[in-house]
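In the two assemblies presented below, chain A is common to both, partnered first by chain B and then by chain C.
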Partner chain A sequence: MSAVVRRVGLSLFGPLLAVLVALVISALVIALIGQDPIEAFSVMVDLGDSPAQQVQSIVVILNRAVPLFLAGLAVAVAFRMGLFNIGVEGQYRLATILAAAVGAAVVLPGPLHVLLVIVVAMGVGALWAGIVGVLKVTRGVSEVISSIMLNFIALGLASFLLTGPLRGSPPGASIVTTSEIPESGRVPGLNGLLTAFGLAEPRSSLYGFLPVAVVVGVVVAVLLERTRFGFDLRATGLSPSAATASGVDARGMVVKTMLISGAIAGLIGLPDLLGEQFDYGTEFTAGLGFLGIAVALLGRSTPLGIALAALLFAFLDRAALPLQFADIPASVVTIIQGTIVLAVVIANEIARRLALRSAERAGAAAGSGPADDGAGGGAPPGDSPDGGRRVRTGVPGTPEDVQA
Partner chain B sequence: MKASAQAVALLLAGSMALAACASDEPDTDAAAGGDGGGASCEELQVGLAYDEGGRGDRSFNDSAYTGAAAATDALGGDLQELSPNDDASNRDQLLTQLAEQGFDPVIAVGFAYDEVIGEVAPQFPETTFAQVDGSNADGSKGENVTGLIFAEEEGSFLAGVAAALKTETDHIGFVGGVESPLIEKFEAGYVAGARAVNPDIIIDRQYISPAGDFSGFSDPARGQIVAQGMYDAGADIVYHAAGGSGLGVFQAAADSGARAIGVDSDQYLTVSDPALQAVIMTSMLKRVDNAVEQFITDYCEGTVEGATDRLNDLSTGGVGLATSGGFIDDIQDELEQYEQQIIDGTIEVPTTIE
Partner chain C sequence: MASGDRSADGRGAAATGDVPLAVELRGITKRFPGVVANRDIELRVRRGEVHAVVGENGAGKSTLMKTLYGEHRPDEGQVLVDGREVHFRSPADAIAAGIGMVHQHFMLADNFTVLENVVLGSEPTRRGRLDLAEARRRIAEISDRYSLGLRADALVEDLGVGDRQRVEIAKVLYRNARTLILDEPTAVLVPQEVDELFANLAELKREGLTVIFISHKLDEVRRVADSITVIRRGTTVGTADPRTTTVKQLAELMVGAELPSPEIRSSTVRETPVLRLAGVTVTDSGRRPVVDDVTLTVREGEVVGIAGVEGNGQAELVDAVMGLRPLAAGAVLLGDEDVTGWSTRARRESGVGFIPEDRHRQGMLLDAPLWENRILGHQTRPPAVKGPFIDRRGARADTARIMREYDVRAPGPDTLAVALSGGNQQKLIVGREMSARPRLLVAAHPTRGVDVGAQSVIWELLKDARAEGLGIVLVSADLDELIGLSDTLHVMLRGRLVATLDPRRVTPEELGGHMTGARTTAGAA
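== the complex of A and B ==
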């Protein structure tokens, strides 16, 4: 039991320490620019005076957190496999514009219409990410390089499509957009649900995509932690050569993982597209793919952690407004976000070393007797204690080692 | 009868507020009587919502601030500025919060507010809104929104004339920040102006980033590469409409011993490096500051009309060429002729590229 407590403690230790360090550094910076850190922090956590304002603040935070969560998930799935999908940005932008175009071009009964848009978005995202996977297994191209390069191609392509064949806005309009998705293709907001719970009606509409994101999160969690595929994926991430030796098809895993990562990436733009904008345009929110990397890092690539990280980032994002009303520069928020990411990398490393040391101690103690403290055994923190009980036949793995 | 009684009451209330020299009522009663106008100036609370980049961009947003600050200094009152988050996804929040907290007028800076202001303004019918670079002539954004728009193509036309008159190689260039309808207005005017002087002039035109990718406004390194290519190809004057990337254009001009034309503000005065200052032949001025200051002043005087546009063009001095440095003093006569012809309507400047 104490081993579990220690493990949970250690996996929480990193992010908590990171947030704490970031807060201390930010407090110092705020003090340096001549403001009161305590006042700044109290402004940030103040959600508003009236109940309507408070609900509104929470809706703003949730609406911001949903795409961040999906972006973090997309990055994390690849992370767990040891792949750096830097191309989430391009994947979601291309997926969103094509999904918007298809959604605007057809008229179907409500749920089918939405489903079609979702399928198109996931398909485009998966295909675009799949290129990265295929390049890696066939030509040995580093996924970091190819996914970054494909970002530029995706953005250029999206821009070409937007200003060319998919242009739906009248000529001369300052903001170029695709045609609007008709009513049947939109996801209604959840404000009715809020008022049903006796909460005040917020000004903005809570994204109807929120439950979809939760479902995606649960599916990813189950896939990673409770299926053989997830085990193969994590095993390959921890040690590609060991996984290959135990019969995991590493090449297939790379392509499949990129497809999944890209499919999730394709969803990132949809909460906004189907819940508020209804078209893709030059002002469509950019940069979520890159923020997703930070969110995935902070959330340690687990769905629950990513959800918390996304909420934290969304909370900080909203806090930038009240800070400005209090005459404190909003860059405070940027500083906090930046230091959190930096600190989380350092804290993860410290937590990893602590875990390693305690595992070594446990190993040394176990050496004298058959004590089964095994769950902790040399595995780095972050992976679940599912022990690695898997029967493997002696079939040798794929002859070629991709990593070579 | 009733109206005049109301006006007297308002006048009384106004003079009382003046005498007290303090705002005893946080809720703006005067503003609520919007049709009465005028009297709300005693507790002027201007809300300014910036475009991407926020305060400190040494360009567009700062220019709006200069105007708003000048107005609130002259008239008294508060100025609350808000910058959007990094990806500018919370523009609606900026406007909503300003209006909710009683700021009036609320001024949105940039065409990017086009959609958002049309959603927010109708929710606050008592608040007066204005949008810099956004048209509301048809009232589609609400009855309480005034568009502050600029004839960038007219100023750019003069920049093209100046470039064509000053070039020694009959080869000039244009660097746009982001390929968008707004920047294409600059390009269209510039090209038309240059061709008006010399129909055979070679004009290199290039954008730093494609539509939807706003990095082109804040990437001096790429601005420098693009401009350097033009100078290497033989251009000796390059006009930029690329916001912060313009510094790179000036750098390329300095490296090539050539010249460049600045944009928005008088960049000869705002660039701090003397080496870069020397290459800035002129700047196409877009007086966002004047437009904003005038709007706030008019708001106080109660002469603001919603659902209209205020066009700032050559005739109003809203756009024009800067003369700092004295590089274009010798061609002032020609420039004035063209300017007069544009104001007369003899020359019609295109707003889109053919």
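== the complex of A and C ==
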């Protein structure tokens, strides 16, 4: 039992250490630019004076966390298989503009209209990511390279569509957007729920997409941890050679995983699109795909961890505005986020080694074999048979590991 | 002949003499999680000799050489170079101490010239720029001095295997190595190239360099070496003088004298074939056949042993049977079904069990718990799976059963696989494969790197399974194992089955002769 507690403790140890290290580094940076770190941090944790302000702050955090969570999931699904999908950014941007256009072009009864938008977004995201998978298995193109390249193409394509065929805003408007999605295609907010719990009515509306994201998270968790498909996927991520020998079709898995990753990526823009913006424009939230990589890393590629990481990042993002009011540069937030990601990669590796060492001790204690068997377990595994020691921090290995 | 100009100097100067040993290893022990790769190794190499380190595959030769080359640090023991104790933290330290390594698999940049490859990493510079003239001069000097015949401006991709090896040797010499480690240098060469290599080694020796020559080809070792150290199961078992030692004696040292008593065993071979290979040919990247027209039959209750020096196509043959590698020609039949085009999964589902050669690479998920490893390779079958879902409880329960029945020593099904010793990992794999009640078991080196206790357990399991009608393809480098378990024994050499032997009558020496090709070409020594 205590072994389980220990393992859970170790899995929390990495991210917590990372956050702590990031805070210390950020405090140093804030002090260096001549501000008071304590004051900065207190501004960041101050959610507001009145209950209404506090509820409003929490709604802002949650609304930001929902797309971050989805982005983290999209990246994590690929991570778990050893693929680095950097193309989430392009996948969601392209998916969102096409979903926005389709949503604006049709009129359907409420739930169906929303469903159509969701299906279009997931389809477009999956297709765009699928290109990466197909290129990898047919031509051996590294998914890192092709997904970055496809980001540029996607962003260019989205700009072209926005200013050209899909333009809905009147000519000369300062912000170019697609046409608005009608009422039937929007996801109503959840503020009714908040007031029902006796909370103050916030100014912003809590996204109705929140429960959808939760469902997606649960589905991904079940898919990864409880299904045969998820087992194949994780096995490929842990050891491509062992997975292939066990009968996993590595090529097929690459394509399927990219399709799933892309489909989830397609959802990233929808909370904003269907909950607040109702159209895609030049001002539409950008950069979520890249933040998703950070969130997935911090969350160690597990849905629960990603949810916590998304909340943390959203909390930090919200602090940007109050910091500016307090005359502290908002880039403090970016610095903290950046150092967290950097620290988490290191901390995860340390935690992994500690976990391995404790596992080895447990094994050595149980096996009553020869006295010298496994007693010198200082060296990490994997550097005996093939010399190649794979670092598993949630970052996938080298691309050729999964080369079909 | 390389044996003609064997130098007699230094022979009298023993360890305690005035000439310090070029390399001395004392009590080297190296452990990896779960395995002791080297135990109490003693190696003494005199200056100016060709010293062969022989042993079977998996005996621990490569681990030892990595220790000497600074690729990892020994857990116990001392390394002495020229009489002084050294502590290498990286190959750079070893190079600085005058030790160079020529790897079995060449580490050359194909799209660079010979010159560029040789200087890569220690480029001579003049005012911050690559000094090509100086590099050219030094390479020409090395090439002339040791008769390497290098063309500095040739592209490496245009060179043959022998030339590439000479480039590797030049690389090491360029870094002023006084002691060269050659890891299985002849494995990739054809006989003519082997002769050239041995001529090069004679040149090196004449110039006073020391060569440590790693091999398991006994006839070659006797031709080229001045002294021999034999390694078996991770430890040094003896030294030999090639002039007075026969191949037979060497082989006995190498495989151990404790051959199992030729037990009178009732044959369990039945008539029904479970696996038939017809003209199976596998090529490497579309050119050279690595498995060449192999035809064999495995019947129910039969163990078909494949003997051979590693790298003669056994691994590729196993891949072909498992569907991990496409065939260039031929067919694989499982029972009466042609499974040539089937996926690995389909083959496994139709009753093929697999004990892979490298369990860490192909047999296990080291960072996953044992119950997940129970599922690996059996993702589509109960008890671990219910429909599209993983049956966690079923998998755990069945893992506990395997641990009980196959004596896998571990705290429980939730233990990470990496925590187990090699023997326990292997017992789990054997138990897992047997639990699926296969028709055919493909076992590649099933007892490699496991302790003696686990080895006998695994042998018993295989015998019992055979008695129940399981057909087994057994690929191994352990001659005891092959002779003791097989009903039919094929010898594989350069991708072909070159001999079929009766394991009840063959001796390890005869088998060894066939494996190295000495038996068929000449009468052998």
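What we mean here is this: the second predicted complex is superposed on the first by the 369 of 404 C-alpha atoms of A that agree within 3 Å, B and C clash if a C-alpha of one lies under 4 Å from a C-alpha of the other, contacts with A are read in each partner's own complex, and residues count from 1 in each chain.
Quick note on the criterion: contacts are C-beta pairs under 8 Å (C-beta built on N, C-alpha and C of every residue); 3 or more make two chains touch, one makes a residue touch a chain.
Everything numeric here is computed off the predicted structure, so don't read it as measured data.
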| Just chain B (first), just chain C (second), both, or neither: which does A:L356 touch? | second
| request: Identify the partner contact of A:D317: answer first if only chain B is touched, second if only chain C is, both if each is, neither if none is. | output: first
| task | Go through the superposed model and pick first if A:R64 touches only chain B, second if only chain C, both, or neither. | result | first
| query | Which of the two partners, first being chain B and second being chain C, lies in contact with A:F325: first, second, both, or neither? | reply | first
| query | Is A:F229 in contact with chain B, with chain C, with both, or with neither (first, second, both, neither)? | reply | second
| field | Which partner, chain B or chain C, touches more chain A residues | value | C
| request: Check the residue A:T244 against both partner chains and state whether it touches chain B (first), chain C (second), both, or neither. | output: second
| Can A:S174 be said to touch chain B (first), chain C (second), both, or neither? | first
| query | Which positions of chain A touch chain C when the two form their complex? | reply | 3-4, 225-232, 234-235, 238-239, 241-249, 355-356, 359-370, 372-377, 379-387, 392
| message | Residue numbers of chain C touching chain A in their complex, please. | response | 29, 31-37, 39, 63, 71-72, 75, 322, 324, 343-349, 354, 356, 358, 360-368, 372, 375-380, 385, 388-390, 392, 409-411, 414-416, 418-421, 423-424, 451, 453
| query | Along chain B, where are the residues that touch chain A in the complex? | reply | 54, 80-83, 85-90, 92-94, 96-97, 100-101, 111-112, 114-115, 123, 133-134, 179-182, 210-214, 351-352
| field | Complex interface listing, chain A residues touching chain B | value | 53, 60, 64, 93, 155-156, 158-160, 162-163, 171-176, 203-204, 272, 281-288, 291, 317-318, 320-321, 324-325, 330, 333-334
